[in-house]
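As structure tokens, the structure follows; a few thoughts come after it.
Which chain is which? They are A, B, C, D and E, in the order written, and residues in each are numbered from 1.
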Amino acid sequence: MNDMRILERDVDTNTIKFAGRDVHVYYGETEAIKGIDVDIEDKTVTAFIGPSGCGKSTFLRCLNRMNDTIDVCRVTGKITLDGEDIYDRKVDPVQLRAKVGMVFQKPNPFPKSIYDNIAYGPRIHGLAKTKADLDDIVEQSLRRGAIWDEVKDRLDAPGTGLSGGQQQRLCIARAIATAPEVLLMDEPCSALDPIATAQVEELIDELRTNYSVVIVTHSMQQAARVSQKTAFFHLGDLVEFGPTNEIFTNPKDPRTESYITGRIG
Amino acid sequence: MTDATAPSAPVSGDAEPSSLFTQTNRTKRRNAAEKRFKAYGLGAIGIGILSLVVLLVSILGNGLPAFKQTYVVMDVTLDESVLDPNGNRNPEDIAKVLTFGYTPIIRGAAQNLVREMGGEVEGLTDGMIGDMISKEAAGQLRRFVLANPDLIGTTQEFKFLANGRIDGFFKGRVTMESAQIDSNVSPEQLVAAERLAEAGHLTTSFNLGFLTAPDASDQRPEAAGLGVAIIGSVYMMLVVLALALPIGVAASIYLEEFAPKNWITDIIEVNISNLAAVPSIVFGILGLAIFINYAHLPQSAPIVGGLVLTLMTLPTIIISTRASLKSVPPSIKDAALGVGASKMQTVFHHVLPLAMPGILTGAIIGLAQALGETAPLLLIGMVAFVRDYPGAPPEGLFDPSTALPVQVYNWTQRSDPAFFERASGAIIVLLVLLVLMNLVAIILRRRFERRW
Amino acid sequence: ARDQVQVAGSSTVLPYANIVAELFGENFDFPTPVIESGGSSAGLKRFCEGVGENTVDIANASRSIRESEIQTCADNGVTDIIEVRIGYDGIVFASDINGPAYTAFTEAQWYNALAQEIVVDGALVANPNATWADVDASLPAEEIQAFIPGTKHGTREVFEEKVLLSGCETSGAFEVMTGELGMSEDDAETACMSVRTDGRSVDIDGDYTETLARIESNPSGVGVFGLSFYENNTAKLKVATMGGVAPSTETIATGEYPVSRPLFFYVKKAHIGVIPGLKEYASFFVSDAVAGPGGPLSEYGLTPDPELGQTQSMIENEETMASGS
Amino acid sequence: MPGILLILILCAIAAAGYVMGRRKAATISGDDNRVLHSNKPFHGANVALAAFLSGVVALVASGVIRGVTGIADSANIMTTVLTLGAAAAAFYVTLGRITLDYRARNVTEQLVKGILIAAASVAILTTIGIVLSMVFETINFFNQYPMLDFFFGTNWTPRFQGDSDLGMLPLLWGTLYVSFIALMVAVPIGLFAAIYLAEYAGPRVRGIAKPLLEVLAGIPTIVYGLFALITVGPILRDYFAQPMGLGDSGSSVMTAGLVMGVMLIPFVSSLSDDIINAVPQAMRDGSYGIGATKSETVKQVVLPAALPGIVGAILLAASRAIGETMIVVLGAGAAARLSLNPFEAMTTVTVKIVSQLTGDTDFASPETLVAFALGITLFVITLGLNVLALYIVRKYREQYE
Amino acid sequence: MNDMRILERDVDTNTIKFAGRDVHVYYGETEAIKGIDVDIEDKTVTAFIGPSGCGKSTFLRCLNRMNDTIDVCRVTGKITLDGEDIYDRKVDPVQLRAKVGMVFQKPNPFPKSIYDNIAYGPRIHGLAKTKADLDDIVEQSLRRGAIWDEVKDRLDAPGTGLSGGQQQRLCIARAIATAPEVLLMDEPCSALDPIATAQVEELIDELRTNYSVVIVTHSMQQAARVSQKTAFFHLGDLVEFGPTNEIFTNPKDPRTESYITGRIG
């Protein structure tokens, strides 16, 4: 199903996918992101790390304009996707979000059945011609989300009746079911046990060959394991951005260093 | 939000590592408050249901007799000299004999019947006997003769309505004592009626006519029925349902989900709540001005009534729909937007289903209001005396008709007490219609009512 | 095109119009006319809205049309109006059948019981009477509690003019006001017709059934009813004489019983010939068989108009108000 | 009715448009949704909607033209031609526009949004209509009756012959008083009932009790009125008013208010119940987890979160209370009076609007026209109250996630 | 304020706080907890570990009867707190929950101001006599929740406008504000950065001296760091329960071992 797209995409490698220039984000009066410049490459996993409340989620939500839904939130500066300004008035945020999928920090399954949770995206995007196609997409997504075994017997049960970690994986599966070009994941493994975490990390790695993935994480180890690029945020600033191994082994900014060395576990 | 359980209790009392089985004073107090709170809730529901029961009992008590009716079965000789003076069976000539001509025939037949039974009732005059039969009988007989001119000259058996007071006697509304002082009925008539009943000429049976017949004038309460009113009400509800619900929901969706939040939407919001407070008769004024005087729609027509009631119910539906749209958690919307659904898809696929119970509640309450409203119909000509049935829809929507609440309103104003019973009967019909109409909504609502 | 006659107007005329419409539908091939109620005022307003299918053909009224209304009508193109007087409506004073013995009243007693201010010892004072016995020792010693028509009712006009004002005059209060107290005739009339507002007199904006219900929940009260309403409820109400005359269609027809008023309907001449059955309905309404003595209308309590024949010929000739007067 | 036939034809055109649009989109994309900007159904819906809406707009426009110019029935042909022509044109144009990049979804959604806006403007148009249909008569009234006397007069005594006192203050007072009492009954009972239904009752009790309470809203008001007059009024008079020396009127503000309150219970209870039910369970869990009782949770977490909806429900109830006539007529009597005693008869603006409009007086007289002035005044006053309510909601609104 | 309590409690040490006997939990038809026996000691940190969906949260919610709020949920068996059956009909769950506080897996701040979020509990339990007392409790709780610095300037801002990690700490602060005897924490650090995590772990350690703490975690390291006892859940069974160091160094059950050794990070 998805192969055609994938083939087409293989042409360009590691070009810049997202470019942010002087991005500021305000919640009402307070400035949550204080002027950020960043280039996110295609076919790369980029990790956002930083202390809680530093603006990781906020910036992540800028990348697919999810911040549009918060009344008090205002974004200035320029963010481009494949060279096109995503905050341009002509850009259809819906189309943008279809390209740029998202897994939210708090798992938010639809109050529908597990099946419908996954099938919703493919349905509205017309990705399945037949019911069998759709069944197939649902199964594949759930498998890749590492939750198929747990839910295969209860696809009709409500998605909200799952455990915390299951909901999180359901949301991951939901996000990849629409085959987006970029996947934004806000702490996708926070509620997962090590085994499930490993499976999701595998998935991320697999996605990387074709898509671009941005992941917010609090686990330095995870960032080190899965990402090629790491961005360190601090109090709304992008303090440091570079290849992951460099950041972890040889941080340039003292704040980065203290954050990384202050690490635990 | 300051609360009744505000910090006031001594802390030391709680510090004791207490058993779960022994409640601290504070817990006792809080639990008592909890019990009270729950009892208030139960009491509130109790009061509501009790009121309902009281009202229903009184309605049923007054109205159920309306579903029964007393009839007189008797033979009538269709006297040719009166009914077809020219003797040529020409329908046109027969039609020239008005009901005034038929009345003496029926009265005569009734007198014969009573006299033949023997056992003179003292003081019973011929006039009194004639008055025992409904005035409706003449019309009934005339229709029969016009339909069957060949039967003129023969004797046929007819089932006529008994006069309202006689009917009331068999329902307990009229008694011998009251007849004594009532100038419209005499005890002698009641005695005669009892005899007729014993002889099987006077029977009480289910009153189908109450549901099917049109309204009747003040002189014939026994003949008055709800046929036209039921059709009119159903037509109007069709219009309201087809317009108010979609328009109301669409308007709410726009205002709640799409409209920019600025002073204009504030004005619209205030304005809609304000419309809910506009007395319903004002909507009648509006309907008269717009639909009849400007758009030239016919008077007394269910289409106009439906449109006016639509405008009147819209605020109710909009307010309740908006309230429930507002209560859908934003995280659900985020989830949908996040997989690339458009705002429209988000609303129609996720928000609306979650808001459905509130929308249906609005519909239930709005329709209840629309179904029971009289005042706005006053000005567009539906508070009327209508005896011809409107046609089948859609044309029938443009024919004159009344509505159930109008019939109730009219009947409670009539002087003959028999109409009061009919009015209560009409209320029963109205409530049944209401429940039937809302049943779908209630069942649907229960399906959507799931806490996630 | 509309094929039924459309009538609007007075709720006092309504029951009579209903009876006629029903008979008309039963006996003719025309559809039964649609009779709306809602008051003379609203009916005439609709009537005067213009000429055309979406306006009414006939307005029922419990009073004659006013000059200003004729003017409005004319402004909207409704120029030719046929005025039809159908008979007289008697207004009676009745109380609960088991209540106190209110059996005979005079206008003066009502004036003294209900006026805002009455003349006591040559001076105008706020009405001090609390019981009927205060007004006249021959009346029961019961609290005054009168249920009279609301100020929008045509009946109220009759009540004020034919009971209060005439009571004011017969009791001599009017003379005192215009004479000793030096009031102008207009002021005196207004004073005579002002009803007390301390709760002893209750305005009924609804209909006679409401008055009846109030009397039932307040049996010492006296209410004002239409004759036909009373006649249908003789088992619940007992009527009082006025000035010694008992109300009945006969006493009203002869003018012995003082409190009555004429009832009318108005026909839009421009609709005759356009709306089928309009003229036939009007003629049928005032035909002897219907509106004459012994007809269904008088049976129901309408006092037949002694000059019915004149009215019939007026309809026959389609004489409008202008041409008639 | 040719109009209905025309609408049916339009529906048929729309259906055809859907099928053809969808098919064309499928053809040009080789039945692959991913190369299309918009999903196939949107292309279909786009054609269908465009054709249908153009038709309807043309129909309405020609109707308005007919209404304004007064061209009679013969112009029906013109209407038909115009309508079908517009529909066909839109059909043709939108079908032709379908390409791979055509943003059918956006266009369709714009169209739908247009429909939504049109629906929302019905409410606005209604308001304008109401104001327009009353303002001229109101001006007429004020030409005949001094404005100051109307607004600030404390005396309401219309007379049949004219020369009346038409001060609206007693009516306004009655309106506020009756509504206040009705709300004092309906709001606590309704809210408590809603809370019980949403938080305490099991699904079965709730499934039965809620619809039952809703029947209260469907009982014709005349029944309530008679109940007030015949049952409640005498009880209040005999057991409360007379023993307390507060007068002996059978009909009183109290009677009408109590009975009306009962009628309004479902307005508060049903709507609030839905809103309370929609508050996410996680909110409650948070509160229970701290050791709050159910009632504390309801009072301090659930109700504040549900406040906007509940205020909406209460406003609706208040609106009904202000607009109600029958119960007031029969329950409260018809006496316009400025008094604090709840056991005295009073009346409301709405009642007087109805009675002044439906009586027998001259329709051009101030006694009739005052109804319009009353209507407009009431409109303005309730507008003020609504603004206040909006302000309160804004201030105390608590948004959950 | 709380000192009095603490003093009195010091008398008994390391007695059994919670005891579960043959606890089964059903969601409708499905059995989520399949007969568990467990003893949770006082003044101890007990960690619940196990793969996602194994029933940790479910069992945790049994301990303060939060499962009562789920319609389809049914609990059988016996759970005692200080020897008293908490599912006894005479027990008031409200009093129980006042004693046994809870931090939920998904942060659920009230739609109120940050201040009111914290003050809510003390208010309903009457823990503060004066406004100053209350202010004090709020500040102390926020400090101990390691979030005071971030929110001290915006105590009037809504709690829902915080970042994910901030919300989580707010909920921790909210739970300790009522000074419960037992604190149940469902993945309290899942959304926290390492520094905040360390602070919360410190808090847990501090709480241990007076209270009993049960913590669900996916981080083996965290379990090892903070807990004295560890329970390993698997598919609704309590596979192994014992001193933390034993479980981690010398697991008896093969399932435990494979879970622990399969660990990552």
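Here is the rule we use: a contact is a pair of C-beta atoms (placed from the backbone, for glycine too) under 8 Å apart; a residue touches a chain by one contact, two chains touch by 3 or more.
This one's a predicted model, so the numbers in the text were calculated from it and none came from an experiment.
With steps allowed only between chains in touch, the distance from chain A over to chain D comes to 1. Fewest steps needed to get from chain A to chain C, stepping only to touching chains, is 2. If you take chain D and chain E together, the chains in touch with both are A, B.
Ranked by how far their CA centres sit from the centre of chain D, the chains are topped by E.
By number of C-beta pairs in contact, C-D leads when A-B and C-D are compared.
Remark: the per-chain Cα centre closest to the mean position of all protein Cα atoms belongs to D.
Chain centres here are C-alpha means, and the one lying farthest from chain A is C.
Centroids of chain B and chain C (each the mean of its C-alpha atoms) stand 31 Å apart.
Annotation: 30 Å between the Cα-based centres of chain A and chain E.
Chain centres here are Cα means. That of chain B falls 21 Å from that of chain D. Centre-to-centre separation between chain B and chain E, using Cα means, comes to 59 Å. Of all residues in chain B, those touching 2 or more other chains are 3, 5, 30-31, 34, 288, 296, 330-331, 342-343, 354, 378-379, 412, 452, listed in ascending order.
Residue positions of chain E with contacts to 2 or more other chains are 94-96, 98-99, 106, 124-125.
Residues of chain C found to touch two or more other chains are 38, 42, 206.
Interface note: chains touch in the pairs A-B, A-D, A-E, B-C, B-D, B-E, C-D, D-E. Interface of chain E with chain B (complex): residues 1, 4-5, 8-9, 81-82, 84, 86, 88, 90-92, 94-96, 98-99, 122-130, 133-134, 181.
Across the interface of their complex, chain E is touched by residues 281-293, 296, 300-301, 304-305, 398-401 of chain D.
Contact residues on chain C toward chain D in their complex (touch as defined above): 10, 12, 38-42, 44-45, 48, 61-63, 66, 68-69, 72, 150-154, 156-157, 160, 190, 193-194, 197, 199, 202-206, 210, 213-214, 216-218. Taken together, the chain D residues at the contact with chain C in this complex read 157-161, 163-164, 226, 229-230, 233-234, 247, 249-251, 329-330, 333-335, 337, 344-345, 351, 355-365, 367-368. Listed in rising order, the residues of chain B touching chain A in the complex are 261, 330-343, 345, 349-350, 354, 450, 452.
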